[in-house]
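Listed after this line are the structures, all set down as structure tokens.
What follows is a pair of complexes built around chain A, which joins chain B in one and chain C in the other.
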Partner chain A sequence: MSRLVSVAIIVGSLILALLVVSLGLVLLGQQPDTILLTMFSGAFGSFYGLSETLLRTVPVLLCALAAAIPAESGQINIGGEGQLHLGAIGAVLVTGPLMGRSAPLVIILMITAAIFAGAVWAAIPATLRALLGVNEALVSLFLNYVAIYLLQYLVQGPLRDPASQGWPMGSPLDKDLVLSRLGDTRLHLGIFVAILLALFSAAVIRLTRRGTELRVVGLNAAASATVGIPVRGYLFASLALGGAVAGLAGYYEIAAVQHRLRPDLSLGFGYSGFLVAWICRRQLLLIIPVSILVAGLIVGAENLQITSGLPAATGDVAQGFLLLFVLLSQPLLAWLKRRRAIRLVMESELS
Partner chain B sequence: MIKGEIVGLIISGAITSGTPVLFATVGETLAQRSGVINLGLEGSMLAGAVSSAGVYSLTNNIPLAVLAGAAAGGLLGMMHASLVVLANVGMLASGICIFFIGRGLSAFLGYSLVGTRLEGLRHLSIPYLSRLPIVGNAFFYHDALVYLALIMACVTWYVVFHTPLGLMVRATGENAEVARAQGVPTTAIRLLAVTTGAALAGLGGAYVVLGFSHTWLEGVTAGRGWVAIGLVVLARWNPLYALPISYLFGGVITLQLNAQAAGITVSPYLLSTLPYLLTIVVLVVTRVWVRNSGFPAELARANS
Partner chain C sequence: MSHVVAALREVTKVYPYTVAARNISIEFLGGEVHALVGENGAGKSTLVKMLAGIIQPDSGNIEVNGQRRRLRNPHASLAAGIGVVHQSGSLIESLTVGENLDLGKIFAPQTNHELETDQAVSVLTPEIPLGSFVSQLSPRQRQLVEIHRLLLQKARLLVLDESTSTLSPQESSLLFADLSLLARAGYAVVVVSHKLPELLIHCDRFTVLRKGRVVGRVSRKEATIPRLIKLFSEANVGSAAVPFNVAKSSEDSVTANQGNELVRLKNVCTDGYSEAPPLYDVNLVLRRGEILGIAGRPGSGATSVVEILRKGGLRLAGGSVDWNKDLETYGSDSRIGFVPADRMNRGMIGNLTIGENLMLRQRHLFGQIGSAWKHNERRKFLSSLIHDFDIRPPRSEVMLNTLSGGNAQKTLLAREMEYSRALLIVESPTAGLDMGSADFVRSVLRRKAENGACVVVRSDDLDELAELSNRVVVFCGGKCVAELLNDRITAETLGLALSQTNSEPPFGARERFREAGAV
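Up next is the complex of A and B:
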């Protein structure tokens, strides 16, 4: 399928999804035009709104990559949420013993720890899949909950900030470890890293021999094994790499946004990323604009909550229907193709 | 005496907090037996919870509220089943979609209900039995939905394993092509199994607001739908095994809330990870050692 068709499908699905949301709003006696306008202007209408959208794009895009890289080898990683959590935990844990060391060194070790922790979390389903054939989608999904409870345990127990009074949260990061902001916004350099990583992954997967082999594994694992491609190696590496990228997202949430561990570390970025990856199946580069779009839906819905008290979950409905229509476009396209093929055959037989 | 009372209270709490999970686990077992994974279960539970909370606050009628919960959950399940079976969409992606829609819609529809106190279900004393010491309070002093969940688990087990309809469901889940060749209407069977299963999850959601939290909150089901997907594996796709496993899970939650009173020193949060870790272990064991685990073979197609 050409990239143009994919873009058309996504845009069309977005319009349909917003129409469905508007219809729901009308049925509830709300004004859809003002609400959609509030969402849009909140996410894209001002310089600050745009910066917030890009701020949320960082975890969404990284988690989308975490699902998209293993997807090339035919695997499903629903565990981005947990891998992000582990990345955040890893980044915070190394700061303890390194208290007082020079900031650049600690920052480098934080990033390394986050990437490593995310990769280890993904290596669990990756190992089970590559060696034993256990379903990686389910294992990675269940590990999300283990990770979330692990974070709860840490902020309620061993890592709890004594100064936090009644609130369960970790101690704040040292000021030197907090990433600097761009101008007056909350945005940080992570957005460039995320976009570069997406471009780099797309290039490796499309242009290199290893990337091609990875895709061949995804298309037909049995056949690739017979031509000597190390199938297990690719399965393991792609899923573990995905986890590493999600772990990096956890680092940025800690170092640039939250500055400490909290129970509500993620706004469901792992799931949103999974959704983005699925929308952009086989069109890896589209993941950048679609991540920005989905982050815009998240920020727009937050804005809606602030200005009109409607729940931010309005964004969830829009995201759900967006994916729904993209998914539905596939059988529709297949049906159109089949009809055209039949017509061509009939015409050639008639003539 | 005091010790006995505490044990009674913990068993009673285990049954209460295990009930919504039991509804959902039995529902998901039914769906997966027909060869369809429904990751939208949490969405169905939330839809069920918000609908029954809404209907109850409008009408004060419990049966109507419970029905509304089942209907809302079933509706989302039907959506999932139609996507997977009729439109041939990948079942994991479709499930995540349904989860987003259910979570979002429930939060949106329920925002005017937040904070409303719902009287909900009352406990029923079963004559004579509920007056027994310890056991009486533990087993025979619950509300109607607790018993309904128990009955539904048994009925589902009977239908799946001992009726022609159940045979068709299992055949569809084992190998849909062969089943179709034998004349089983696999499409209809899957639509039915997934929709009914999601309706059961909706009942679980209704129970959360009517028998448990007594109020609607955004995300009130707190991930019980996801738990259920794990428990299905633990229960080896058998609704009857889902009974002890769900109550055991409820027991863990109850202990978590009363950890100190029960003299437990392990962190309740670490305790909460156990069901998930155990599920992973079971997935591995099932894959490697057990020949007849109950795993419906059609589920292996989830990745396509």
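Up next is the complex of A and C:
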């Protein structure tokens, strides 16, 4: 029932968002039907488009998990973007001292470092929240800027590639550290890892004791404390875990897509992931299809930029309206629910 | 002179699971100081909020000067001529008195200083210079500034919500003297307060509320404290017929149990810094086999005692708590059951199923992944609890927030009964329950005590305490001020014990403890 309502809200919001975007396009003198069709076919209409969409799905899905896992404990992690950056930085930093070691060992250490760096970055808001009650949404959001500037500092200073002729970018990874591609697409095995991770998280959160306790903390922290659940522990652990998953996204962007540190490492995947998590609202399995959808919006908008000269930000606008309409549906639902509750009480009490 | 300034006509306000006001009609006359009295939860603050425009009645309406008015928000209420002085106050501390008064004018621009010629108003202010900062004023002076501002905004009905609760007795009689002056000048004044003795001296009319209904209208001549308390507690004739003395154990059994000491609080003091009000030098013994009632108004420290007893992490500033060896272990291992008054926020989780809520204290049963043995154990655990406590619907997979208040309450009680061993603490156990459910809950609690546990009942409902307890301790100002035993416990005696004690914290008590090295 609840899942059905969620799906209905997402579909309805998507339609409304596309309508608003179409209206904007009409005002710009464009033909919305052809534009939207271009976006759709760019993202899903061809084998190559589909592979690009799945490529973008990897960071979006992982960052969605980074927001969704802490959301189960009632926390808001807007810091996926920064945690992704830290994961990328961590993965690159360990390659330096390990130059020349066997590739499998270095790859394992890169993944570990990325996960660890993302978790540490998330541990900052997590510690402040669990111990002092500081708002984790603000702290994690602001740390995004710190992470982005940290990356810029590194690629313009200590980690700049001497061969880059002045461009701010890091040295390229060794060839054997680059992840192999599937066929002649840019897609890599990370897509399966991301999907498996999403399924695994959903299973742990829905089906195990720890997962249930995590949800209980998110539903009612005061009652959880009353029955003796370690609330602070769950708050910290879930946010740090979220950061770890975002860090893994950073690793994949480095090892499979960019092959080196660049200032434009992320196309706002952290924010897109956050949006996906909030659209899906505790329906963890919905995250997978919605991530693909949002990744499709990103790829479709890139396609738009190439073919019709509209800015890729068109996709961001569509994403923004999608989230806006989903969020607007929440108070509407709550209001309907309250009306029903009051009517029931009125009928039974005053009859 | 006594025309109707404002009136409530058959107003009803419904919240999910409770009816806060049921067809209430009250007229507020000019020239009178009108007291709204009743226990907590009687509906006083609901009526105040309606008059203030904070909430709107679900049915019925509010009349001002004979005209039906819809008070959509506080601004509309003020525009209609209703001024409310809220308990928390609405002055801005960092501004001067004059600036605060000007703020009032901004929101009612049509007024000018014509009122300054009004004699009734002029008596209010001479002692307060307009240039002094609000932060420097005494609580009573702040009330006067608030009232003055409302008068400048042309309020004809003044509502004071618990305004005297922070005042000393001398200050509050001065405030009441000013209120009488206002009444004599034709204003209607409404006072909401717990302090019956001073209300009896100063108010012209009393409306007694109980569980969302008007149960008594008493004029000044007829009003006495026993009479008002009788109205508070006994208006519901049906429930008074329950033979509650039968189930109580006699004096002998209490003395027989004296060896079974479970917890002893010795000279316990706590700070007032946390949310729990402070305690000063509390001595209390809990024994096996008894139902101990704890009474006390908000801020009296009764809730702090509960926090200590349930090991809720409230730190002692002085004194000690001796736990019997059954309760000595820390944290959740001591198996102290606790049913909080705010059930939905602190006790249960509406968005989980009945089964998940029942398992919150037995969390090893959580999770769908596990051995067949675990599934079996869970099924047995849930079905026996649901059956024993007659939770309806008897299906563990139903969401808790679809249950009636009584069944949700039974679910919580079932969980804590099953979990607790030697000590069970319940707050307002029968609040909001129908007769049948309430009887059931009472019998369950009595059985728990008979089986050798100590049951602590904290409640604002004096009937409830009287019906259940073998012994009641009354808290006031952070101290234990009275102890009643067995047959001496009635709603009337409890009401008297509560109303005769001053609810101020004893002046300088904290300092005295500090000197004694206790803090």
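Structural remarks
Just so we're on the same page, the second predicted complex is superposed on the first by the 332 of 351 C-alpha atoms of A that agree within 3 Å, B and C clash if a C-alpha of one lies under 4 Å from a C-alpha of the other, contacts with A are read in each partner's own complex, and residues count from 1 in each chain.
Definition applied: a residue touches a chain if its C-beta (ideal position, glycine included) is under 8 Å from a C-beta of that chain, and two chains touch if they have at least 3 such contacts.
Please read these numbers as outputs of a predicted model, since none were measured by experiment.
With both structures placed on the common chain, the touch criterion links A:V94 to neither chain B nor chain C. Of the two partner chains placed around the shared chain by superposition, neither chain B nor chain C is touched by A:L109.
Within the superposed three-chain model, A:L207 lies in touch with chain C and out of touch with chain B [touch as defined at top]. By the touch criterion stated above, A:G315 is placed in contact with chain B alone, chain C being left untouched. Between chain B and chain C, more residues of chain A are touched by B. Contacts of A:V146 after superposition: chain B is touched, whereas chain C is not reached. Of the two partner chains placed by the overlay, neither chain B nor chain C lies in contact with A:L189. In the superposition on chain A, A:G228 makes contact with chain C only, while chain B stays out of contact range. No residue of chain A lies at the contact with chain B in one complex and also at the contact with chain C in the other. Residues of chain B touching chain A in their complex: 39, 83, 87-90, 92-94, 96-109, 111, 218, 223, 226-227, 229-230, 233, 267, 269-270, 272-273, 276-277, 279-280, 283-284, 287-288, 300, 302-303.
Residue ranges on chain C touching chain A, taken from their complex, read 12, 14-19, 22, 58, 331-332, 338, 340, 345-352, 356, 360-361, 363-364, 366-369. The part of chain A that touches chain C in the complex is made up of residues 206-213, 216, 219-220, 222-223, 226-229, 338, 341-342, 345-346, 349-350. Put simply, chain A touches chain B in their complex at residues 24, 28, 74-76, 78, 124, 128, 132-135, 137-139, 141-143, 145-146, 149-150, 152-153, 156-157, 271, 274-275, 278, 309-321, 323-324, 327-328, 330-331.
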